[in-house]
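Two complexes, one shared chain (subunit A), two partners (subunit B, subunit C).
And now, the complex of A and B:
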């Protein structure tokens, strides 16, 4: 007679299905929150700039010039990707949305409603993280797409030539959003005043460490992310020139592995923090 | 998921799908170069294959209606008018009114020993297609079809490298004539636009060349630009002569023809030292020219209009020949007759 083993509880499917329920709930909340106005302005800026550049290009057929030389649209697009998206928009979206995944529920005192449900606590974090990822990707990538079609066909460059690097840009931006989001989700679940810490990290620590030679730059997301960028780094300021001089570019494989470790490790740590931390709601 | 969230997701995905789809079509099939934006220079550049060593442009209408042309018309011998009339009889083309603008390109052929390279002229205007085709057929040309375009082909006799000379009306009002290979490439570009996947790319994607075209296109009604080193490399010059030629990489000539003749000759050298050497040579020739001008006022006016300029690797020689100089030359010519 064979003995039937006791059935183990289906924790993994429960976490996944619960995470999708939270994702479904959070996506709408994220999209139509006050923060989305800020997100719209942030992502509408490059599009408005691209429209202005296109109008100028149509009015003056001499095209854009940098230091007297005509600059192809693909170069301008590359500069916009570097200066607007990689150095500013992606980190700031990560900071604002990542740190608020759990913190907002704590501030609104609604975390209790989620944590008293019969779902694993980490499913709340994973669902909200997925909602952040979908929300930001669906906003950032169309914005980049519009900028691409507005800027690239000017100054002699063609869509066909610039298209393969655009796909690489999409992948790089999605990975960047995932990495910054996971990192700041961890900061949001673990530390007090996560927004300030996040801003200091993204706009203080990362640019400062990248300026100097040494191993400290490996403790940044930008170090791995910038290695995935196909465009030439613009030399728009003394800081950019220093960045160029001390730039160590890891291989694409090493960068992807580094970013995967950042995402995996920080999400795991954030999940652990959510599971173990006791949230005391201030009255 | 609420309805408006769903709409947002659908619209956003749609923008991405349409964008990626358009990009894929542009990459694999190609789009006409002007589909998303305007490139500098005349629109015919989109039919010129990428690796042109020289491209030239002339706004024929502006030149023909310029004051300078009218003045020259009065002083030139009557034989030129007969030539124009004969051309009109044969082809139906009145060059005074029927040709709007011309764009030409040249490709040196390193593999051929004594033959000139390949080339093409694109002329925009009003053409009597039937008359031109009949004329070519009378002279032994035959008609071929290339990707839906009618080609009138004439085989040229050349011992070194046989070539075909072809003519095609690639779109209404635009005729391309030149060597067969270049005409084929122009038709490929007309049909499919830039397509890096198949290797058909127009000169509009040649950033170095387009930067120069852009600098010449404003305020000039005729210009030419090209790679000087590509031309000299294929010129098969004797070693003692080629070693004396300055290390020029790019050259350009741009003129504005109206009351007088104003323009700039520009050369870009390999390095600053070569530019300085070239400037010294030009300075020497200018001094010699001014000495030779002597007491002839028309020559003095012309020589004094020459200005040497440029910086770093660029050497520029600008000139501004007033209409009075052409009047004086015309008077001399008239007296001589």
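And now, the complex of A and C:
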């Protein structure tokens, strides 16, 4: 027989170190997956829009006007961050990646290799969640940068002035990805038809309850994220004024605490689900 | 050495469907074959042994400890699953190394351990190729390498010879025997009986969620005495022998072949005793050859599955 390696130690690796090893294993798989290619194309949408705005701005106007008022490029960029990225792309990324963190391995029947190694099962979830975060940030970052450089210089804004808020935007996007990813990881491990439930939550429940006063909006991620938006929004339309009436924005501290609770609780619950659930692979 | 696997009234249900039904069995050290047709409960048993499923009822201990939700047990266990699933874009070495790293070893140690395991399964030339480009036999071997790489005490191989060509099959059987000789215990499943037969005489026969028999071929033979036992007797006077056999009620049927009679008996011990006496006396001519196809695992299996 060919000699094999010396025996490895029999002390179970800790969750954190195991999670980093799963992260290492998963990141490459996730980055080059078909899902990433598809969502990468989706992230080209805001860039295409920014290119169009830039061309229009250069050809026909010297800036953008909303309801007749000159709107600087930094405000347009802020609107795009909120409406396109935070309210659309980040939840989409969260739904598609978060619900499939474990499901992909189950569908590909590769989960067996991970669950028959001396690591806690929740480390698999956490490692893949970390890989999701890095993967989606790497997808979002170039798109946001391109939009920034295309849109901000129009209408009298300067890149230098708008750069510090851009860093805050990146942080907000990362926090949004973390919160939605954790929430949908929980949905993916606990519920049947997680994709549909995730989409209904992100594009049905959240927009609906945010429109109305009351406590229900606290059961959304967007409620906490909106406090982190630092961009000025145009406020002179009837709709925006109406929305402003109902807009209850928590403080930044309360928002961050709320988002931390969402991430912590949902990841903990998802980890518990993975620990206790049996994954029966179809033969 | 103590038992490798010990189950006590182990059952597993999938909703209304019974996967494994009240199994109490012990598996000793060495190679043990798990035999059964498709759907017999082999996979359920393997998944319970590898801690992928939680028992619905009863207990299962592997290497003396429960396996469900007990990750440190996987230091001592290597599992080669049946399914042909991989991270296709990784090379064989990357894949095995990445999985070994989950055992808590450093990257360089993991590479070294992975390389040794790949050498053991004779796949060195292909270890830098992407798994997606591997043949079925190579994929089987790289799966075995990942099970072996961390040098476990107990290897669980689910249909390991599936898809291998005859030469590789022979090499793999030799490898499995070598691993057993080196002190590893091995549970190997198959639905092809001669594969198991070529590796071990110690088997578990499973069908419809129940262990039909356990032990070596001859012990199993004893267990199935209520089933007909076939004996082939080549003799000078087969018809005279047949007449003698028919005077005993344990003889259930007989037929003639060229210069031979094939007897089915319900009590093999008594039959063999009489036959020995007849051969010794020479009163019904010489008896040249006595063989029992029942000693072939295939026949035992057929009997038990029919039952």
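Operating definition for what follows: the second predicted complex is superposed on the first by the 256 of 283 C-alpha atoms of A that agree within 3 Å, B and C clash if a C-alpha of one lies under 4 Å from a C-alpha of the other, contacts with A are read in each partner's own complex, and residues count from 1 in each chain.
Here is the rule we use: a contact is a pair of C-beta atoms (placed from the backbone, for glycine too) under 8 Å apart; a residue touches a chain by one contact, two chains touch by 3 or more.
Bear in mind that the values here come from a model prediction, so they are computed numbers and not experimental data.
Asks: Quick check for you: in the superposed arrangement, does A:184 touch first (subunit B), second (subunit C), both or neither?
Replies: neither
Asks: Can A:24 be said to touch subunit B (first), subunit C (second), both, or neither?
Replies: A:24 sits against subunit B and subunit C alike.
Asks: Could you say whether A:279 touches subunit B, subunit C, both of them, or neither, answering first, second, both or neither?
Replies: A:279: touches subunit C, not subunit B.
Asks: Once the shared chain is lined up, is A:32 touching subunit B (first), subunit C (second), both, or neither of them?
Replies: It touches subunit B and subunit C both.
Asks: Would you check which partner chain A:115 touches, where first means subunit B only, second means subunit C only, and both and neither mean what they say?
Replies: It touches subunit C, and subunit B stays clear.
Asks: Check whether A:154 is in contact with subunit B, with subunit C, with both or with neither, and answer first, second, both or neither.
Replies: First partner only.
Asks: Figure out whether A:141 sits in contact with subunit B (first) or subunit C (second), or with both, or with neither.
Replies: The first partner, subunit B, only.
Asks: Across the two complexes, what residues of subunit A are contacted by subunit B and by subunit C?
Replies: Overlap of subunit B and subunit C footprints on subunit A: residues 24, 28, 32.
Asks: What part of subunit C is in contact with subunit A in the complex they form?
Replies: Where subunit C meets subunit A, its residues are 14, 43, 50-54, 69, 71-77, 79, 81-83, 85-87, 89, 98-99, 101-105, 109, 112-113, 116-117, 119-120, 146, 148-151, 175, 178-179, 181-182.
Asks: Which stretch or stretches of subunit B touch subunit A in the complex?
Replies: Residue list for subunit B touching subunit A: 1-2, 4-5, 8-9, 12-13, 15-16, 19-20, 22-24, 26-27, 30-31, 33, 35-40, 193-197, 204-207, 210-211, 214-215, 217-218.
Asks: Under the stated contact criterion, what part of subunit A meets subunit C in this complex?
Replies: Listed in rising order, the residues of subunit A that touch subunit C are 1-13, 17-18, 21-22, 24-25, 28-29, 32, 108-110, 112-121, 275-276, 278-281, 283.
Asks: So in the complex, which bits of subunit A are touching subunit B?
Replies: 24, 27-28, 31-32, 54, 57-58, 61-63, 69-70, 72-73, 134, 138-139, 141-142, 145-146, 148-149, 152-161, 163-164, 166-167
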